[in-house]
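Below: one structure in structure tokens.
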Amino acid sequence: MTNQAINVTIWNEFRHEKTNAKAAEIYPQGMHAAIAEGLNVQGEVRFATLDEPEHGLTEEVLNGTDVLIWWGHLAHHEVSDEIVERVYKRVLRGMGLIVLHSGHFSKIFRKLMGTSCDLKWREADEKERIWVVNPAHPIAAGIGEYIELPAEEMYGEHFDIPQPDELVMVSWFEGGEVFRSGCCYTRGSGKVFYFRPGHETYPTYHNPQVRKVIDNAVQWAAPAGRDYPKYGHAKTPLEPIKGAR
Amino acid sequence: MTNQAINVTIWNEFRHEKTNAKAAEIYPQGMHAAIAEGLNVQGEVRFATLDEPEHGLTEEVLNGTDVLIWWGHLAHHEVSDEIVERVYKRVLRGMGLIVLHSGHFSKIFRKLMGTSCDLKWREADEKERIWVVNPAHPIAAGIGEYIELPAEEMYGEHFDIPQPDELVMVSWFEGGEVFRSGCCYTRGSGKVFYFRPGHETYPTYHNPQVRKVIDNAVQWAAPAGRDYPKYGHAKTPLEPIKGAR
Amino acid sequence: MTNQAINVTIWNEFRHEKTNAKAAEIYPQGMHAAIAEGLNVQGEVRFATLDEPEHGLTEEVLNGTDVLIWWGHLAHHEVSDEIVERVYKRVLRGMGLIVLHSGHFSKIFRKLMGTSCDLKWREADEKERIWVVNPAHPIAAGIGEYIELPAEEMYGEHFDIPQPDELVMVSWFEGGEVFRSGCCYTRGSGKVFYFRPGHETYPTYHNPQVRKVIDNAVQWAAPAGRDYPKYGHAKTPLEPIKGAR
Amino acid sequence: MTNQAINVTIWNEFRHEKTNAKAAEIYPQGMHAAIAEGLNVQGEVRFATLDEPEHGLTEEVLNGTDVLIWWGHLAHHEVSDEIVERVYKRVLRGMGLIVLHSGHFSKIFRKLMGTSCDLKWREADEKERIWVVNPAHPIAAGIGEYIELPAEEMYGEHFDIPQPDELVMVSWFEGGEVFRSGCCYTRGSGKVFYFRPGHETYPTYHNPQVRKVIDNAVQWAAPAGRDYPKYGHAKTPLEPIKGAR
């Protein structure tokens, strides 16, 4: 869609791939590596993981990041509040954020949403069909009418999020539930996209359509290049005030 | 609009009225008393203030509150995180919340919005005209095309909030700025309305149209009586799953 | 939710019930009669049908109607453009409109939406489960987490409508599709709700939860009582203009 | 923002410039020529005007157009319904549409909105200040906090449009009104942007920031390249249906 250089950082908890045989088999280099393979950006793609110092998210890394992708699950509570605050401020100043799957319960997503982000879930190898409900949206470009995943973890409504600014995809699950799977938000000068699929024991991030959605989302979330607004005391009015009424 | 009994609690920081002569003159019983006068609800109207134990917001008070009105300014940081968390959880479970004026910077509003809630401001006794941009909305019922306030503090864009689910009012200011003044949100099972006017040194909460908006907002934000969703492990599928693909 | 008197007119094409044995058996008095049974309003409930003069929708009837419910299917093209224009203008001036099921293709709904309102469909006696995705919304009050209908016609995405102002319900279908089933809009001073279920050969309008949704929607869509805005030449400015720059 | 080739057609009523001395002086080649100067697209920029056969909007022209810009005022009623229908269908199939200023009353905009699109207006050489309320939006890229126009026609609320999917800009007017000036919609697979300024007797389309907004909007509205959804009878279910309940 665009040829501007976008610098992407993929943050992965990177624990399952070291302890779960199935996850390790599917993602021998970590889920972040598989996600990176699907990106088609001009710009740098970097990785950051939980167990690095500062979780790999130093001020320098974040300042050089246009779009941050986030996958976490087991260890949300191990992410330090200080780093969460840093990411939060960077989003408000324009960095895009793509939150994947179990990242719905990450500190950063909950902080940006202002809700519990709770949901229903079930691990039962069930079929998921992710339907596009907004075909005009750039995040849906090139993926057809739906993405079918033969087996995934189920996430079901009610998903406790604010109403999305734009709802792009809704999932059907074999076991009887539905889920708002592709949700767009704006927070400050930054854009946020939540994308549902990607349980660690399924090869979801090898799926070409799932990769296409993530790549589209990166393009959509990349900062638009606007000057940041000025806040605070606007002492001098732009127009004369009669006052003293 | 409705005759159901709605229990309202008006929370006021209640400091300006004790220290600022002008505020004391305009609101001798506190701003909360003036706001209460404007309500036309069947149900109980209670007060709670910062300097009471638990800021007056015990579990019992909150559980008995359908809609909470919030005015704070100087002492946002003195509101304890524990009470903020309590109010937050109560909103997600269905309590309505009306945030007034300088409450934009309260801990509870920022937590629910997920943004800085920053803005421009100026105290210059300038005229404000609050235009209705959604005449179908119940919060705009009976107030005509706009509310004119001869003198108010200015709040100007950019107002760093998420895009409102419904934008009901936009302010014009004499000094040259505009502001999204009436903003509706849903958070969990609760409804939130931000309403701009109400600086402590102006008789804004004596204005009949301002009172009408707050009264309408209370009716709108009152819980609709729905059962709370179930979250977590939905082990038993509603439909058979073939699995093992 | 409210005790105000609301006058409701239920418009029904009323053809299937005369020609289709199954429809006639389920709805011997017409679908409009079954829908009326489910309403719990103080006010008058009237019927209007296609084959009456002016389709039963005279100026007088419409002016006395707070909320109009619309069911049509086979004969959308037989509804005269003049009556559609009349209903349209009445909606913009504040009358609520509830469009049911195959009414998605009615002239009035398409005119108000500005899109084709096309969709996928299938008649296969399949199970539908209508999930609440916005539990705070008054239209979802008292219906629990979902409505299950053992057999219905399928409607599937993409549903070519504008993004709803508020999305309240999403349907799961046994055959693999999803659908945005409860959609809120504002048009002018009027409110519009689209609600999916109700094929003529199923007893859907006898279902208590379906009836509850329609009743809730009527309360939600009833006019809020605001003065209508003034449009056109605003010759005299509210503030002095220096001009002549 | 992007380097993809975008073919733009600028449609102009092109009457004022021939009959009004001031308009002729400011826009000697027509407003379309001035608007074209501000575009920074790779692709073809063409013109079409009311008095050409088929108003210049043949099937061939529209099929080769990615984004259509529309300026009309005096002669909305002279645009044939057939051409309006053609443009409408093309928008639903993915063509972007930018509607400028008095185009709010064009047949095509009203058809896409489903409302009267009425508003207040005044010609009094008054100052307009267009504030950005969504700094994250690509249409606001590079224009700073606001655009100030020394003299323009006033448009005031209530503006009878559906609530925008995204509200990007709000105008302040010297005479006391506000207006939602930059409004984004999706209709079918197409994107629509309404942008307020541009009365024919002011040099508004020579303003670099106004031009920047229009250029940004063209990039935003360009089709995202998705396959068009399939509608109609989906006879074969994606999943087995037990039926016969």
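Each chain gets a letter, A, B, C and D, in the order it is written, and its residues are counted from 1.
In this text, a contact is a pair of C-beta atoms (placed from the backbone, for glycine too) under 8 Å apart; a residue touches a chain by one contact, two chains touch by 3 or more.
Just so you know, these numbers come straight off a predicted model, no measurement behind them.
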| item | value |
| --- | --- |
| Between A-D and A-B, the pair with more C-beta contacts | A-B |
| Distance from the mean Cα position of chain D to that of chain A, given in whole angstrom | 31 |
| Chain B and chain D: spacing of chain centres that average the CA atoms, whole Å | 36 |
| Averaged-CA centre spacing for the pair chain B and chain A, given as whole angstrom | 30 |
| Junction residues of chain D - those touching two or more other chains | 129, 132, 134-135, 145, 156-158, 163, 165-166, 174, 176-177, 186-188, 229-230, 238-239 |
| Pairwise touch network: line, ring, star, complete, or other | complete |
| Chain A contact footprint on chain B (complex, rising order) | 92, 111-116, 118-122, 124-127, 150-151, 154, 156-158, 160, 162-163, 165, 174-177, 185-188, 229-235, 237-239, 241-245 |
| Interface residues, chain D side, partner chain A - complex | 1-4, 94, 129, 132, 134-138, 140-145, 165-166, 174, 186-191, 223-230, 238-239 |
| Sites on chain B touched by chain D in the complex | 129, 131-135, 145, 156-159, 163, 166-167, 170-173, 176-178, 180 |
